[in-house]
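Order of writing sets the chain letters: A, B, C, D and E. Residues in each chain are counted from 1.
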Amino acid sequence: MEWLGPEEWQAVRLSLRVSFWATLSGLPPALLAAYALARWRFPGKQLLNGLVHLPLILPPVVTGYLLLLTFGTRGPIGSVLQEIGLVFAFRWTGAALAAGIMAFPLLVRAMRLSLEAVDPKLEQAAATLGASRLWVFVTVTLPLILPGIIAGAVLGFAKAMGEFGATITFVSNIPGQTQTLPSAIYAFLQVPGGEHAALRLVAVSVAVAMSALLLSEWLARRAQRRVSGT
Amino acid sequence: EEVVVFAAASLKTAMDEIAPAFEAQTGHEVTVSLAGSSALARQIEQGAPADIFISANEAWMDTLEEDGLLAPGSRSDLLRNSIVLIAHGADAVPVEISPALDLPGLLGEGRLAMALVDAVPAGIYGKAALESLGLWDTALPQVAQADNVRAALALVSTGEAPLGIVYATDAAADDNVSVIGTFPEDSHPPIVYPVAELAGREGAAAVAFLAYLHGSEARAAFEAQGFEVISQPGAGD
Amino acid sequence: MTLSVDLRHRFKGFELDARFEAPKGITVLFGRSGSGKTTIVNAVAGLLRPDAGRVAADDLVLFDTARSLWLPPHRRRIGYIFQEGRLFPHLSVRQNLRYGAWFSPKRVTPAEVDRVVEMLGIGGLLERRPGALSGGEKQRVAIGRALLSSPRMILADEPLAALDEARKSEILPYFERLRDEAEIPILFVSHSAAEVARLATTVVVLEGGRVTRQGPAVEVLADPAVTPLGARAAGAVLSARVARHHEDGLTELDAGGTALFIPRLEAAPGTPVRVRIAAHEVILSRQRPEGLSALNIISGEVQEIRAGEGPGMLVSLDTKAGRVLARITRRSAKALQLAPGTPCHAVMKTVAVAPEDIGGQGRDVSK
Amino acid sequence: MTLSVDLRHRFKGFELDARFEAPKGITVLFGRSGSGKTTIVNAVAGLLRPDAGRVAADDLVLFDTARSLWLPPHRRRIGYIFQEGRLFPHLSVRQNLRYGAWFSPKRVTPAEVDRVVEMLGIGGLLERRPGALSGGEKQRVAIGRALLSSPRMILADEPLAALDEARKSEILPYFERLRDEAEIPILFVSHSAAEVARLATTVVVLEGGRVTRQGPAVEVLADPAVTPLGARAAGAVLSARVARHHEDGLTELDAGGTALFIPRLEAAPGTPVRVRIAAHEVILSRQRPEGLSALNIISGEVQEIRAGEGPGMLVSLDTKAGRVLARITRRSAKALQLAPGTPCHAVMKTVAVAPEDIGGQGRDVSK
Amino acid sequence: MEWLGPEEWQAVRLSLRVSFWATLSGLPPALLAAYALARWRFPGKQLLNGLVHLPLILPPVVTGYLLLLTFGTRGPIGSVLQEIGLVFAFRWTGAALAAGIMAFPLLVRAMRLSLEAVDPKLEQAAATLGASRLWVFVTVTLPLILPGIIAGAVLGFAKAMGEFGATITFVSNIPGQTQTLPSAIYAFLQVPGGEHAALRLVAVSVAVAMSALLLSEWLARRAQRRVSGT
């Protein structure tokens, strides 16, 4: 597309990368949280539940600010992670972290909903056939909740594509590093007459997300067909 | 009578003082909507029920004026602000802001936190200042742009970025940063907050509020926040 | 291996309190709907944690509430054929069948798989998913899945209820062979008197969560008091050998010197077989009857006469072929003046010895 | 009301092509697992849209692909008892039972509900949810739900498979009464020869998706060629009346002047009953046999002898009590020199006339 | 709570009202959309799917801007609705609209996931018992997807409580009219020394949302118990 400048292309690529990794690396912890919430009983369960929902409840700026305080180079977690070479500040990784955290509640809910719909009788059957808890999860539960995982991933990816407030607050806007599509769009909207440029980027953003959506629908249909067992 | 004031969010503290005082004095009712100048300007374009607009952004006021949305003759410059270079820590060493400033040396590996340099006024002014000082090209690769000044300040305040460029009004109140230099006034276009009454919404209360803004009580409130109030020829005192 | 079960569990409105032993062979749990059969089976499998009790297979304690011992289901190695199938919907039939083998310490050979698949007649379904199977097909796959998990014990909850007679008579011999050859105990829930009569080594009768009767199948089944089984379940089992095949389609068996005629049985002469003779199909006669269409007549003398509820009596005959049971009316017993020691002839029709009442060891049951 | 069915449908690897008529009464669909029974029933209910065909109940066309006619399931008013229960998990048993009534044009009286609940023995379960029921309990609720929906037609897919004999013999009379009293056709899928023999007015035999035999039950069941039914299904039905009750627990019936003894039947003298006599339980004799424990002897003469596959023959006797079928071996037929017209005696034991083979109209079947 | 000023109380009340109505009035159209996406085949289905996800994909500011353009007093829809007395611009109703639209994809996904998990065999059974499509839906489908509806509503409510970008862009930040908690938090964050006040409001926001969450968990557990049928 000629009508996108190189910096804008960069933003597109970055947004894709950020959203992809945000979703992907969000999946395992989200699955764990969903499993814990759906299946386990433990003290502080409602606390975990609340924590998971927090990014949804808080205005994104606040989330971004809290991220800055904890995952920043001087933050309690950020400083430790830095020791092992994991830096979030002003990096695309930070953008992915912010997007991932914002998408987290959506991932968890979708998975949890699917987990709660899994027939425990099938899991029992697997256990009688010798599968340990972990194997039951891998061979029965996981395939059965695949539609939920896909649904969660789609929501998460879409959310990550659109996330702006927390990202820019946490890692600011550095072209090529942390300037995602929404940041670029936001910048255009701040100046009089920037609407057209902004709309062009919105169109790109929508196109990208729609492709992801179509792909996910296709995957979900396949998974659903597997699960419904015909 | 009711006055609806759309004001740039950075004026919140001042407006929280001014509005009740005005109400007490005049019996009018003031409603203040605080948001980003661009959002407010767009809303006014779409027919928002605002009587008065105080913008932190001249460009948006210009746009509204061109579109004939301002009450003719009501626009004036209300406040002036300055931009400063801040550093993390309560007692950082001051520097002299001149073309000789060794920004890369001060930054080291770190970032220079600013507001969006092409979109948000504080960033635009900062960029203009650095350009006029010939520092922009060397600084550019290390600039981190936040979506507003407050976010830029937060980056410095938390130590994420060693240096930042923010409004003097913002820097003053934060104990974790120190102002290490003020950009010369001639290094950037004047930083003014224009105010205007909106077309078709003229009323006695609006006029009174406009006058009140330029008056001495309001001046005290603005100055307490670090703003410089621009004297109006023929207004109040 | 013997399974000893001792369970107490409460549901709202239902109380289970059952204690029994299931020795090697097939132990049939028999009882009306809602009597607690599935509850027991679930507890043995480890799917239900009973309020109290102990289940052990020989020295291996599966659980013991007194000692707070609980072996999780997947370490019990139990082949459970569920009352409602429970196939994995996301796996193909083949994968369902193989599922247990993934976790089994023993290797399941392809030949074994083939044999089970053939016996169950599900060769054509291997690539399908359970959603595209008929009710009976699902049940057959479920049986295969359990059998192929190299279990240490089999729990079968009405495994054959959804199957037609022909299919049943193909699968029953397999259970018989498991019973006779393998060392593993089988807990088998069934409502069918014919199945019980044919398969059971041991019978445990449940009523309202309590064991009302338990013991070797021959004894329990011969007991007129065991009403839930229905009159049709009583019967005796004779050991015989194939003597010769006749041209008119009959096979002659030799049961301790007495000739018995049954419909053609595909087995070489000399093959030992077990023939069950249902008590309600035996007619008694003081004189040796002549000119009857019934071909099988076994002579012996009355050993015991037991009266049950209702108009029936169960007569035990001691014959050279073994013990034969006959259920006759009180009225007939009186008319024939039967008493212990009375010489007597047992008459039964050829065809009354139905194919599914013939179990053998030498037969190729996979056919 | 007559249901005419004409269906063609393909699944991968299975082709249904069935055409039959189900007149008033119970039409049993009989066939091996996977032969297409459930597919047919689903198409009649409107849950499967067949590739082509037509199903009509008298003048009411349920669907007709030729005329692009399709009545949606909820307008067909069909009481479908599913092979797998399908109770609504979020509703209590009571609500499940009432569900059909919410949409029924006819009011279902509380008395009717009570009667069905009592017959099914689910009175104690009404407030439970299906998740807390045993397998058989679920099935009983499913039966009740279908019966209480004031259906215009009943489809029952192995409704009794999960039930014990005692429970079956409580529910079977209900179906019999529906058959005999109500005008609605019942399509009944069953694997049990005894059920088929007892209930069927019409039998439709399916093999691999095709109808291989159909007709009145008496004819089809008496046909030795109907192998899937198994030898045990053939039998004749005699009409009789209760004559008197004897003190030794027997009830004497009068079948066209011949006395028949059966275990005590709770019915007033004079009550008409139908007695099924299974062909494989009848012994034939040229002379009137003496000194046998069997109490029932009916005299008549041979009407027809049909040979089937295997060693069996089916002999039709013409007696004053009606037609009696006897399955005997070729060898016996030869030995007795049977031929049409030969006078002959049919011998059967009292207890061979089992309770579930007795159907009546005058009995209070709800007990 | 004494430490909340009257204007802040107003924001709390308004946020609750806005979130409540956003969620409640979002439920029926979300259910319809979820049903259409899960069960129907129609041309433009993927378009609808995309449209539903749009608020997630777009930066909130863009959504707010688009709302302003269409539902504003001068917008094509806004001007028509104004005729019949339905005004969104700069009213709490507009805040509810914005929050509702932002929450919409979350509502739809949760419901759709539940709908796809409903066993069609139960719906078929209901049909044979005489229930028409609509009745099947009301008496079988709806109760069975109740956990999904609750999950969606919780997500939606939480999202609505936290929604800020679209709201402030669409209906501005007028105390008592459109100043929700997040807008108030934002305003505090824009001035020096406002952090403490902002944190107080964050705490209130979190407390409110957590209560809603706990309530929903309780409801969901009940619904789940109904559905699992024990």
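Simple rule for what comes next: a residue touches a chain if its C-beta (ideal position, glycine included) is under 8 Å from a C-beta of that chain, and two chains touch if they have at least 3 such contacts.
What you see is a predicted model; the values in this text were computed from it and never measured.
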Grouped by touching, with chain C left out, the other chains give one piece
Partner chains that chain C and chain E have in common = A, D
Starting from the Cα centroid of chain A, hunt down the chain whose centroid lies farthest away.
-> D
Where chain B and chain C are represented by their mean Cα positions, the distance between them in whole Å = 90
Computed distance of Cα centres, chain D from chain A, in Å = 60
Measuring from the mean C-alpha position of chain B to the mean C-alpha position of chain E, what distance in angstrom results?
-> 35
Per the C-alpha centroid definition, the whole-Å distance linking chain C and chain D comes out as 26
Would you please write down the residue numbers of chain E that are in contact with two or more other chains?
-> 61, 65, 186, 189
Among the residues of chain D, which ones contact at least 2 other chains?
-> 84, 132
Would you mind listing the residues of chain B that make contact with two or more other chains?
-> 36
Taking all chains into account, which pairs touch?
-> A-B, A-C, A-E, B-E, C-D, D-E
For chain A, which residues count as touching chain C in their complex?
-> 121-122, 124-133, 135-136, 139-140, 143-144, 226-230
In the complex, chain A touches chain B at residues 61, 64-65, 68-69, 72-75, 89-90, 164-165, 168-169, 171-174, 178, 183, 186-194
For chain C, which residues count as touching chain A in their complex?
-> 45-47, 72-74, 76-80, 82, 84, 86-91, 99-100, 102-104, 129-132, 145-146, 149
For chain B, which residues count as touching chain E in their complex?
-> 4, 6, 9-13, 31-36, 39-40, 42-43, 46-49, 148, 150, 169-170, 172-174, 225
Would you mind writing out the residues of chain A in touch with chain E in their complex?
-> 46, 49-50, 53-62, 65, 105-106, 109-110, 112-114, 116-117, 147-148, 151, 154-155, 158-159, 161-165, 181-182, 185-186, 189, 195, 198, 202, 205-206, 209-210, 213-214, 217, 224
